Each structure stands twice: as structure tokens, then as C-alpha cells.
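Common to both upcoming complexes is chain A, partnered first by chain B, then by chain C.
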Partner chain A sequence: MIALKLAYRNLKGAGLRTWLNVIVLSFAYVIIIFNQGFLDGWSRQAREDMIDWEIGGGVYWNAAYDPYDIFTIQDGHGLPPSALQGLIEDNLAEPVLVAQAAIYPEGRVQSILLNGIDPGQTILKLPTAPLAADIDEIPVLIGTRMAKRTGLQEGDFVTVRWRDVNDTFDATEAKVVKIMKTNDANVDIGQLWVPMNRLQTMMSARGEATTIILSPEITDPPAAVGWEFKDYNFLLKEVRALIKTKSIGGSTMFILLLFLAGLAIFDSQMLAVFKRRKEIGTLIALGMTRTRVVRIFTVEGAMHGILAALVAAVYGIPLLGMLAKSGWAMPEVADTMGIVIAEKIFPLFSIGLIAGTTAVVMITVTIVSYIPARKIAQLNPTEAIKGKIS
Partner chain B sequence: MADSRIITIDGLVKKFPMGGGWFTALSDISLEFGTGEFAGFVGPSGSGKTTVLNIIGSLDSPSEGEVIVMDKSIGELSHGEAAKLRNRHLGFIFQTYNLLPVYTVYENVEFPLLLLNMSPRARKKAVLEALEWVGLTDKIKSRPAQLSGGQCQRVAIARAMVKKPVLVLADEPTANLDADNSHHILETMETLNRELKTTFIFATHDHKVIRYLKRKISLEDGRVVKDEIVKAKRKVKE
Partner chain C sequence: MKWIPCIVLLLAGGGLFAQQPTADYILQKIDDNQNADSRIISSRMIIHGRRGSRTIESKSWIEGDEKSFTEYLAPAREKGTKMLKLGDDLWTYSPSTDRIIRISGHMLRQSVMGSDLSYEDMMEDHSLVEMYKATIIGSERIDDRDCWIIELTAKNEEVAYYARKIWVDRERYNILREDRFGKSGRLLKTTTVSDVRMQDGRWVAGRIVFKDVLKNGEGTEFLVDSVEFNRDIPAYLFSKAALKK
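Moving on to the complex of A and B:
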């Protein structure tokens, strides 16, 4: 208690110097909390978007399918396993057939993936209903990014050329029946969604599928022979890794600011121990142990952390609170990068994040305060009282 | 004259390392002090006055011999035990006042009581009483920087006296004060000595102080050359 009071008074007495240290430290606080909160928010939104638009409650892959190996796509399909038949009939699992193809918008060739899906599906948010259109051309659903890249608009026709299971090329006309807006670039860029039965016919792969998307309602996926179940841990790996890379940038800034503030506090502490020898000697003469004086000076330095937290709260809470509510608009370029990202990210400032940051800041500040204060223990009180250097 | 003995110094030697060898600042000092004394070490600069006071105050330790203060042998105390002795029984008054600059007068005086974990009510009573002794009740909210040297030293006296210690050690308490202030302060201390039976030991070469002493111990080159009881107080203002 004495330590806190004395420390606070001394800090206040130190004036501008203290406040400079405190303000830099508060920047470190707010920046890291904003950065991490932003990434946590993005992470949560990306996860939700992917669940809604792409992966449902997890995905079964045909054992021969590997999306990273373009050649497997041609062979990686088969009849859905009997274990999943019931779920498929109950609309709790949705087969998707994937095929390589090329389109020729405005005469230029562009290679794409055709995704066959039941227009009546309900697991994903994909607006597949228009695919049920009874037209001669193949009805096609694409995303806004894809529309932009191809210049296609709703009602436009485009030539699709594909290679069927017998390795023969074929071509037909497709009609864009719907352009959808989605945060999940994975179902947008390079993807054409077509009715399942049309694609199966085109591919001569009646009843077959490449992947089977499970409904999020199913919590324990049944085992299926010839199919591998990919859970969230696997499917969200990429987006997690991406966000982790992004977090390094923010952390660097945080570490830099923390380092600067730490250095300044260290310096202030060195100076304080030197300039206030007389006070130290007096405290010892008044009956304080050296350890206690060391503690007072350590608390004094560490109090920078507390003040910084308070200052950070003063401008950080309204600022970050506003961002958490109104969201952070992402630049349009992010949208075209092929990552799962919403137009607006709503940062997620968790208690854990705030407590964790506070702990890191407090520990750092305490250490940089303690190291110079430790010198006090070696001070000769009889000389310190006189303000002499020993 | 002394009711009971509170300090026993026996064969005290203090050496400081100097160059390759040792410098003997105090050699073979043996003295006793009792409760209620108003004594002082006098002598020229460098004679060892401060050194002996520091050892009595447990801020330094003897090289040889024994110094017993309140039944504690100074040389054998740990840092913690020495701190406890100072905290409970000793008051210090310094040449340069040594007040805590960020604290008000009131808080400076209260400080030793905080270390004693006294209750807030008892603290308040003691602080106001001590400030009354030194005549500074109207300055309780001031900071040391706003006070004159004499006022600062009075705050320091109040701080030393507030816990009613057995012994107050004052090293050149008047060195930075003019004659009027010096007398004022010494009269205050003399009164406290008389009324509270607090033992005062000074280190000084200031004649204004020496005049008030009831016992004068003269040091020269670290030796006691004279130890005299001064009967009649020569209280002459210059």
C-alpha cells in the first residue's frame, strides 16, 4: 500500500517523462488488442462463412480425390457410400461432383471447375434454386468475383468445354442464371455451379460424386468405406495459417512498441535509482529494508503498465468498441485475393485477449523496472543519505 | 543522570578500505549512553562524528569492538533486523533534511508510522501532535519544496519524533540553517528531550548546537579526547 502510494506520487512527480512512456505503452496495448481482435474476428467470420458456404459440418472426400493434384479430379469420384445414403436422402449430406473444364467468355479461354450440386440442397448457403431452371443450356451459378473476371452477367451465355470420363472433349452452351455474393472466395473464384444431374450426364458418371458435404447438424460423422472424412481441423487449416501470417505483422509492431516503452522505462528507472539515492538512503534510515525499497521502485516502474492500461482504456474502449460494433471495412483488393474474407470484419475482443495482453505488458514492465531497482540493494545507505555516489 | 543504559560502545574501531590498505576512522572508542541524554559528538571535520553516529544508527557496522543499542549488537544484525531497530526505536535528523519530495508535510511525518502498521486513527493523532511540537500545524498540506530550510528541518524533527523513539540521532542538523532557525530547532529538541525523555545524540561542529549540549564528547582523529558533562546550560543568543 505504501509502495503503491509512493510509487504513484513519484510517477506523477516525474511528469512528462512518465506520460510519454505511458502513452507509448498504451499504443502497444491498443495496437495489439486491435490487431489480435481483428484477426480473431476475421478468423471467426471466415470459419462461419466457410461452414455456411463450403464445408458444412465437414466433407467426405473420395479416396482418390485430392484437390491439390489437378489430375486426380478426373478420377476422384465414385458412388456415394452406403453408410451415407440415409443422410443424403434426408438432406443431411450433399454430394458434389467436381470436373475440370474450360470456358470461353469473350473468346478467351479460362480453365475452371464445374461443381455439380443438387439445386434443392439446403446445407450450404449457395443459392442453388435457380439451377433447377428447365432450359436447354446448362444453368450456371457463379460468384461476383468470377463474374467480374469473366465479364459474365446474369442471362449471359458462355461456352463450356470439358473432358468426360472417356477422355473425350465435348462442348456445350451454358447460361448464367444467378450471380451470388459470398465472402468465401473458394466457392467463387474459378468455380461454376451446375445442376448435379446435368454434370453427371456430361461426365457419364451417373450417381457419382467427388465430395459429400455433411450437414453441421451431424456431430459424429459415420465411417464410410472408400471415402475420407475431413474435419474442421483439416479444412480450416489454410485459413488459420493465413491469419497466423497476418498476425505476425501486428505482433512485430507490438513487440517494437513494447520494446521501446520497455527501454524508456528501464532508462527512467536507471535515472531514478541514480538521482534518488538520497531518498533511498532516507527510506532505509526510516526503517525500510533494502528489499522493500527495491520493491517500491519496482512497483513504481511497473505502475507504468497500470497507467498505460488505464490510458489505453480511455481511448481504446470507445475506439475498439466502436469498431467491434460497426466493423472494419476491408479494401476491395482483399476480396480478389482468393481468401475467405468479408467486406467488413467485426473484431472480436475477448477477455482472454485483453487479460493476456495485460499480463504480457505487466510482466515486461515489471522486469525492466526490477533490473535497475535491484542496484538499490548494493547501495551503501550512509553515502546514499548524503546523496553521494557509491 | 541516566535512568537506564541504551547504548554501550566497547572498543569500537572502524576502518574503511582506502587505496590498497585501510583508513582507520574510529579507533578504540568506549562510551555509554543512558535514557534522556542530550549529548553530542564534537570535533573538527573528518574526526569521525558522522561515522560513529551511523554505526549507532545501524546504518553501518563496526570493524572491531561492540556497539549495543537497545540490547542489540549492531555488528551482528541482519539487514532486516537493523531495519526493524531503526523503524521501532530510532529517529534520524539529517543535515539536508531528507524529506520525501512528493509527499506533503503531513505524509512525510506519517511515513514512519505506516512502516509500523499503526491504525489510521492513531496515526492521525500522532502526526498532528508531532506537528504541534514543531509548530507546523498550519503547513500540513504543503510540500517540502514550498517550505523554508528551517521549516523543513522542523518537519524532519516531527518525522523523527512522531513514533516517540528512544533515541534520535542528528547529524549536523543546523548546518544549513541561520542562527534564529538553529536556536528554534534546538529549543524544540530540548523541550522534547525534557518532556518525552527521548535521548538525543548530535554530531556537530556548530557552536550554536554545542551550547545546548548537556554532554560533549570531543573527537579527534577518530579518538575520544574529552567526554564532559556540561552542567549549566549556556543559553546565549548571538
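Moving on to the complex of A and C:
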């Protein structure tokens, strides 16, 4: 207790120097928490968006299909397995047929993927109901990014050219019946959504699918011969890896801040040991053990961390609280990058994050406070009282 | 006496055949005119785009209908780019990246250097007789040449274009115009041939204009500067190693 009292008194006595250290350290607190909270928020939103718009409760891939290998798209389709027929009939699994094609917006050729899906599906948030339109052209659903890239608007017509399963070309007109706004660029950029039965006819692939999306309600996906089930661990791997990369990039910033704050505290401690050698000598001469004196100085340094946490709380809680509520608007360019990202990211500040950040800062500050204080252990009290350091 | 009209019909039929051979016979003659053991072609491809035209010079070595090797000679940006086709496989080499890329799947549908030709179009090599049922549906004069109009319908489903219409020179048995259709009957591509000349006993097209009718623009011109038939081509040229040389 005496160590805490002494430490507080000495810190107060140091005045502006203490507050400068504390303020820099408080920035480190707030920035670490904001950065990590932002990434956690993005991660949570990306996961939710992908589940809602793209992957549902997991996806069965035809054994020959691999979306990361364009060479497999042509042949990676087949009749849905019997093990999933019941789920498909109960709308708990949704077959999707994928085909490569080209569109000619304003007479320019552009490669795209046609995705056939049942207009009545309810597993994904895709607004597929307008695909049920009874028109001669193929009704098409596209995302806002795709609409921007192609200059297509609702009601516009565009020529689609494709090759069926026998490699035979054909072309027809498609009509954009709906433009959707989604945070998931994977279902938007380069994608055209069309009614499943129309695409199956176009491709001469009656009843076939490339993937089967499972409802999130199904927690125990059945095994299906000739189809591979991909769970969240697999399907979210890419977005997790992206966020991890961002996290590493963000760490550089707060490591630098923490280093600066640590350096300032280290400096202050060195100066304190030098300036207060008479006090140290007197305390040791009066019977205080060297270890105890070292502890007083270490606590004094570590108290920077506590004060910084309090200062950070004063401006950080309202600031971060406001951000958590109103969200952080992402630049428009992020929308076109092909990643799953919302217009606004709502940072997620968990207790674990705050406690973890406090622990990291406190440990760092304690270590940088202890290192200069070790010098006290080597002090000769008589010399110290005289103002000398041996 | 019943056999007299039969003889007349036979004679008339023979006379008709002399004037108008069967569609399959015409296709066979077209294939015979086009096919050779080997060909070495120097050509220029003029791509008409929205921002002007580009001319790409190339030299191709072709053996049968399975193997071909093309080297682009000009402009400087394309110089050194090479393309190798072996059966159904196609590879390209770009000196700027020093990498060999296999063109397949989605990429085959993409245009070759911004032209109206896709890689798939360039790879098509099967004979017309093998792929299509032919019917003569009329005749027309094109560039002062009398032509048969022949409708081709795919014999089986595994063809790129389900139907074609070709205008064949009655005398030279070469195609002067071609329309390619999708399965639904939609016109997809057109080809127009001119400057036909005789070389080594074959009629060779000097200028071919390809047009992707779904796309805006004036199409792509293919000018054949020289063709050599049945020359020996070193076997190493038809290997991936030759792409990097």
C-alpha cells in the first residue's frame, strides 16, 4: 500500500512529464481497442453476410467442381444426390447450377458466371422472387456492383452467349428484372442470377446442379456420394485470412505507439532513478530492502498504465461507444474490391478485447518500468545519499 | 416400255449431278482444298476497335488438324508472344511475364488480343463433313462468283455451332461467306472471304473478315500474306519447350 501511495505522490509530483506519458499511452489503448474491435466487427459482419447471401449453413460441391479452378466449372455438375432430395423438397437445401457465359452490354463482350437458382428459394437473402417473371427473355438478377460495371439498369436487355454441356454455343436476350444491394461481392461481381429451370434448359443439364446450399437450420449435414460438404471453417477461411492480414498490418501501428509510450516511460524512470538517488539512499539506509525500493519504482512506472487506462476511458468510451452505434463508413472503393465488406462496419468491443488490451499495456509498462529500476539494486546507500551513483 | 422413262430419268439425274453435285460432295471438296499435311502461313490480323485499328503480324506452322504453333512478330507489344495448340489443349507464352499459360475453360471464350475471334474459334479444326449434315438450299452470286448456299446442321450435339450457312464457290469449292448460328437459331458470327488466289494447286483466301455479330465494331480482318503447303516442320516446334525459345 505504501508503494502505491508513494508511487502516486511521485507521479503527481512529476507533473507535465507524467501526463505526457499517460496521454500517449492512452492513445495506444484506444487505437488498439478500436483497431481490433473494427476487425472483430468486420469479421462478424462478413460471416453473417456470407451466411445470409452465399453459403447458408454450408455448401455441397459436386466432386468435380472447384470454384477456385475455372477449368472445373464446365464439367462440375450433376444430379443432386438422393441423400439430399428430402432436404431439397423441404426447402432446406437449395441446388445452384453454375455456367460460364459472356454478356454483351452496349456491344462489349464481358465474361460472367450464370447462376441458376429457384426463384422461390428462402435459404439465401438473394431477392430471387422477380426471377419467376413469365417473359420470353431470361429474367436476370444482378448486384449493384455488376450493374455499375456493365451500365445495366432494371428493365434493360442484354445479350447472353453461353455453351451448353455439349460445348454448343447459343445466345439469347436477357432482361434485368432486379438489381440487388448486397455486402457480399462474391454473389455480385461477375455474377448473373437466373431461374434454375431456364439455365438447366439452356445448358441441356436437366435437373442438374453444381452446388447445393444447405439451410443454417441443418446442423448435421448428411453424407452425399459424389458431393463434398464444405463447412464454415472452409468457406470462411478466405475472409478470415484477409482480416488476419489486415490485423497484422494494424498491429504495426499500435506496436509503434506502444513502443513510443514505453520509451517515454523508460526515459522517465531512468531520470527518476538518477534524480532521486538521495531519496533511494535514505530509504535503504533507513532499513528498506533494495527489492522493496525497486518495487516502489516499478509500481510508480506501472501506474502510468493505470492512469492511461483511466484517461483512455474518459474520451475512449464515448468515442468508441459512438462508433459502435453509428458504425464506421467504408470508402466507396472497398465496394469494388471483390471482398465481403459492408458500407459501414460496426466495431465489436468485447470484454475480452478490453481486458486483453489492458493486460498487454500493463505488462509492457511494468517491464519498461522495472528495467531502469533494477539499477537501484546495485546502489551503495552511502554513495547514494551523497548523490553519487556507483 | 416402262424402262424408257427410267433411262431418261437416270440420264437427267446424271446431267443434274454434273451440274450440281451433292452437298456432301461439296463439303468433301472444301475439306480437300483446305487440308494439307502441313502449312506455314504468314499473316496479319487487323483488329478494328473503338479507339482505332491495330495490326498484328504472325507466322503459323500447322501440321494436320491437331498441331499448330504461332509466333507473333509485330507490333512490339505483342512480339515474341507464342501460341501452341496440341489437339484440344492450347498454351500461350508471353515474353513480358516469361510464363506459359494454359488456355482452357472460361479463358477459351475470351477474345484473342481483342479481336472478334475467340481462342475456341482458333482451335476449331474438324472437317465439315465429319461434323455436319449438309443441304443445298439455293444459289447466289457473291463478288461475281456463282455460289451454292449450303445449310449445315450438326450431326451430333458436340459441336461449337449447331448450324451454319455457307456460300461455296461453284467452280473453286472454297467458302466465300459463312454465317454461324446458335442452337436457338440466333446468328452469332459471320465470316467473309475475298482476294481468293491459286497457290500450289489450291484456292487460298487472301482476306477473311470475322465478325462477332453480338459485339459492336467492324470485325477483324485476317490477311494472308503467304502460304506454303506440305513443307517439313521440325517436330520440336510442337512442344511446350519451343514456346520459351
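Heads up, the rule we're going with is that the second predicted complex is superposed on the first by the 390 of 390 C-alpha atoms of A that agree within 3 Å, B and C clash if a C-alpha of one lies under 4 Å from a C-alpha of the other, contacts with A are read in each partner's own complex, and residues count from 1 in each chain.
By definition in this document, contacts are C-beta pairs under 8 Å (C-beta built on N, C-alpha and C of every residue); 3 or more make two chains touch, one makes a residue touch a chain.
Source: prediction; values computed, not measured.
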item	value
Superposition on chain A - do chain B and chain C clash or fit	fit
Which superposed partner A:Ala285 touches (first chain B, second chain C, both, neither)	first
Touched partner set for A:Ile363, first chain B, second chain C, both or neither	neither
First, second, both or neither for A:Arg161, with chain B first and chain C second	second
Chain A as apex of chain B and chain C, Cα-centre angle in degrees (nearest 10)	150
Partner chain(s) touched by A:Met322 [first = chain B, second = chain C, both, neither]	neither
Touched partner set for A:Leu4, first chain B, second chain C, both or neither	neither
Partner chain in contact with A:Thr382 - chain B first, chain C second, else both or neither	first
Which superposed partner A:Ser111 touches (first chain B, second chain C, both, neither)	second
Overlay on chain A, chain C to chain B nearest C-alpha distance, Å	71
Contact residues common to both interfaces of chain A (with chain B and with chain C)	none
Interface residues, chain B side, partner chain A - complex	50, 54, 57, 59-60, 79-80, 83-88, 90, 92, 94, 96, 98, 100-103, 111-112, 114-115, 159
Touching residues on chain A, where the partner in the complex is chain C	70-74, 100, 102, 104, 106-109, 111, 159, 161, 163-164, 166-172, 204
Chain A residues touching chain B - in the complex, by the definition given at the top	1-2, 6, 9-10, 12-13, 278-279, 281-282, 284-292, 381-382, 385-387
Chain A-touching residues of chain C, taken from the complex the two chains share	104-107, 109-111, 154, 157-162, 180, 182-184, 186, 188, 212, 214-217
